[in-house]
Amino acid sequence: MSIPQIEIQFIAIIVAVACAIPGAFLVLRRMAMISDAISHAILPGIVIGFFITQDVSSPFLVLMAAATGVLTVVLVEIINRTRLVKEDAAIGLVFPALFSIGVILITRFAGDVHIDTHAVLVGELAFAPFNQLIINGNPMGPKSLWVMGGILVLSLVLLGVFYKELKISTFDPQLAASLGFTPVVIHYGLMTMTSITAVGAFDAVGAILVVALMIVPPAAAYLMTQSLNRMLVLSSVIGIAAAIAGYWIAHFLNVSIGGSMAAILGFIFLLIYFFAPKRGVISVLMRRKQQKLEFSMLTFLLHLRNHSIENSNPEEREVSHLTDHFQWTSKRAKEVLEFAENNNMIRIDDGMVELTDKGYSFTDEAMQYILTDKKNELESMKGRFLLFRAE
Amino acid sequence: MANLYALEVNDLTVAYRYKPVLWDIDMKIPQGILMGIVGPNGAGKTTLIKAILGLVQPVAGSVRIFGKPYKKARSKVAYVPQKGSVDWDFPTNVLDVVLMGTYGKLGWIKRPGKEEKKQALEALEKVGMLEFRHRQISELSGGQQQRVFLARALLENAEIYFMDEPFQGVDAITEKAIIKLLKELGSQGKTVIAVHHDLQSVPEYFDWVTFLNVKKVAAGPVKDIFNDDNLTKTYGINFQLSETPS
Amino acid sequence: MGWIEFIQELFTDYTSRTVILGTIVLGVVSGTLGTFAVLRKQSLLGDAISHASLPGIAIVFLLIGYKDPLLFLLGAIASGVIGTLWIRGIQQNTAIKSDTALGIILTVFFGLGIVLLTYIQRLPNANQAGLDSYLFGQAATLMMKDVIIMSVLGGISLLIVLLFWKEHKLLIFDAEYAQTLGFNTRFLDILMTSLIVVAIVLGLQTVGVVLMSAMIIAPAAAARQWTNRLSVMIIIAALFGAVSGIAGTAISTSTKNMATGPVIVLAAVFIVALSFVFAPNRGLLFRYINTLKKRKNHEHTPN
């Protein structure tokens, strides 16, 4: 590996982690599309900032563009408050407008601005090593490495300091308000950090990939874990993996690095989407099927209990009665019957079904479990039946 | 037809995912009565109506309306949803919403014509909203919205009406007007089943009542079953009718 | 060149007439179906769909090796539909929230599209030139053939809107009620979403995948302010769409090096801003004057 190659991957990794941190909170707070809006809307800020500073990595430019990002959020909120349109439409109006202004500025002054419209979308990571930070005549590594490194450190520091506040205001805004730290401050803090990160990463990965790095790794991590800590770590790991794999695939196919990173993220997400142990689609669908079966059995047992031998006509307990009474297909009825029999809940005698003692006590327990919310007493049922485990 | 039940529910069980909401509900409702469904929040009242109308899929059980499954009896059924279930900022006016009541009979593609419009105006007259026919729906009060939905249901010209909290957010005068209308429907032999929250007025408004809390606690004529015992069973707390605040 | 001459030329010159015709079709179709999207609160779904259509276009090019507008449209529709279905899958089967699902599909499909586009650019195939005008749109590349395809597809869409008018209205306003009346709401939902996909895809060549969503949202959002009737709203939205299309195209084609998408979008958003302020009844100015009046009346009435 050549030095520029190492530098590029290093930048990609730092960008991935710097994006994953605010991204996790954006995903948890249902603000994914806001980050999409921010990453587009910072463009005019960047272009105008560039006219003034003539340097894409200038801290002034970063601040100025980040201000545009926060402005977008404010603008969306103002439009929302007029109630002239719904929130999603407000977002969908503001960022295309600002982004269009940015694109037009670039095309109008194409000669003066060293960004082209293509790079705006997916960045030019491959060129990053050519823009070196020079101190006393010595090259000190790519400028964007320093900028993004700085942003990452800032992000980590803020995360460390405000961890508790962020966590509580994300999972329980009411509690946060009652504890005295205003959700508004946290909200705008997060928006500011998102904007700064988006601006810093813009040069390297462009407007759309920034969003991919902010949203996709945390979303994938969310399917793997429910702990915030693990989600932060895991999304960083996923981001880093996509950064390195994306770089090499782009290298061998000679295609856009940014695009390739996003595509790899998509692939990782696809795998996790299907195969995540508890919250992946396959596991969810299988669990739903099992829950449905258990639930059907319970319904059936309850029916038997209501029509137990003493007090009702025997036809209610005939096997054949299942299909027409519950409107079940014969296949389903057979499944339920077998499941109940295998669990020793029922006895089948000569086409007549009867609850066993175990069936009786199970039905009582289950009803109690469902009708009251006294979970502790019946905690043991969770072990035995999926039905009583929340997703 | 007279010996048929207006509504027959057999062993109806409904769950959202793993969470059981209605459990083994049985009921047989004769024709021509006004029935209130009462129960605490989250008892499954809305779900019961939705399951009857085929809007949610039951885990087990069956529903018959005038002896037929819902799909075959659809033209005999009218529905008044909870008024919070739609976006009242939708760009349309009162008359237009009421006309939606004719869409079912019209079927696909055909548009409402003069005749339908005449019926819609009559329905609006009945609910006392005629003068508001051109009003944009976002400019209606809660009670007026409710009446618009009622007029829309009247237009369906049904035999059995399902209403989800028709008195929600309605002032006392409108409430009286609506109940008068419902009684009128009852006297024409139509069946009305309404979710209701104000326990005080149950004996005055309804012939029958169903107590619901996941399981059916009781169902029958108000004079037979509307008592502290059933209320306590339904609401879980010790209930004394005389002490309920209005 | 004065404005009058410029406009004259627009309508007499064959090329610009083609382009203008194309943008009018685009504006009308996206205004109409955008009204449905906005009223169903699916504005941002449009953004996801338009980004998701990019790989479809690239894959079609990789398969056939030349530019074919109709096949491009079909590829874009296919990939937009796959994106939409995956979004639904995420929403229904996982705990991930709706807007995150949109963000995932939007960025991932777009990234894949960019990979394919940059791959195509490296191919020794001279036909690929101009394929990346699908990013920000280039109205000048519209040919009569494109316009005919757009008109036919757009015309069919509008016909379907007209045919199922009352069903669509009912579905948007009260889907559950529609179901109790016996309408197949799943079919209607698929039909309407497909129409929205078609409307988006029709605009890709002119406005581009990045900004097309704004053409779905802006005309409808502006039109909503001027009327309280769905039919009138759709007509106004179509009109606004066409006007922003013409204005944007005129400005961008008369300026060197100017992508069409951003200009059309700015024109459309400008109309939205005007509508927000000046529309009677709903507009901010009207509301402001109203509150002033009320306050005055208040002062005059003795307590």
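Descriptive notes on the structure:
Labels for the chains are A, B and C, by order of writing; each one numbers its residues from 1.
In this text, a contact is a pair of C-beta atoms (placed from the backbone, for glycine too) under 8 Å apart; a residue touches a chain by one contact, two chains touch by 3 or more.
A quick note: this is a predicted structure, and the numbers were derived from the prediction, not measured.
Counting C-beta pairs in contact across A-C and across B-C shows that the higher total falls to A-C. The most distant chain from subunit A is B, comparing centres defined as mean Cα coordinates. Chain geometry summary: the mean Cα position of subunit B and that of subunit C are 40 Å apart. Rounded to whole angstrom units, the spacing between the C-alpha centres of subunit A and subunit C is 27. Shared interface positions of subunit A, defined as residues touching 2 or more other chains, are 391.
The residues of subunit C that reach two or more other chains are 224, listed in rising order. Residues 50, 53-55, 74, 77, 79, 81, 85-87, 90-93, 96-97, 100, 103-104, 106-109, 111-112, 136, 138, 156 of subunit B are the ones that touch subunit C when the two sit in their complex. Residues of subunit C touching subunit B in their complex: 39, 163-167, 169-170, 172-174, 176-183, 224, 227-230, 233.
Residues 27, 30-33, 35-36, 79, 82, 84-86, 88-89, 91-93, 96-97, 99-101, 103-104, 107-108, 110, 117-118, 121-122, 208-209, 211-212, 215-216, 219, 222-223, 250, 253-256, 258-263, 265-266, 269, 273, 279-281, 284-285, 391 of subunit A are the ones that touch subunit C when the two sit in their complex.
Every residue of subunit A that touches subunit B in the complex is listed here, in rising order: 288, 291-292, 295-296, 299-300, 302-303, 306, 325-328, 367, 370-371, 386-391.
If you check the complex, the residues on subunit C that touch subunit A are 38, 41-44, 46-47, 51, 89-90, 93-100, 102-104, 106-119, 122, 132, 135-136, 210-211, 213-214, 216-218, 220-221, 224-225, 255, 257-259, 261-263, 265-266, 269, 272, 276, 282, 284.
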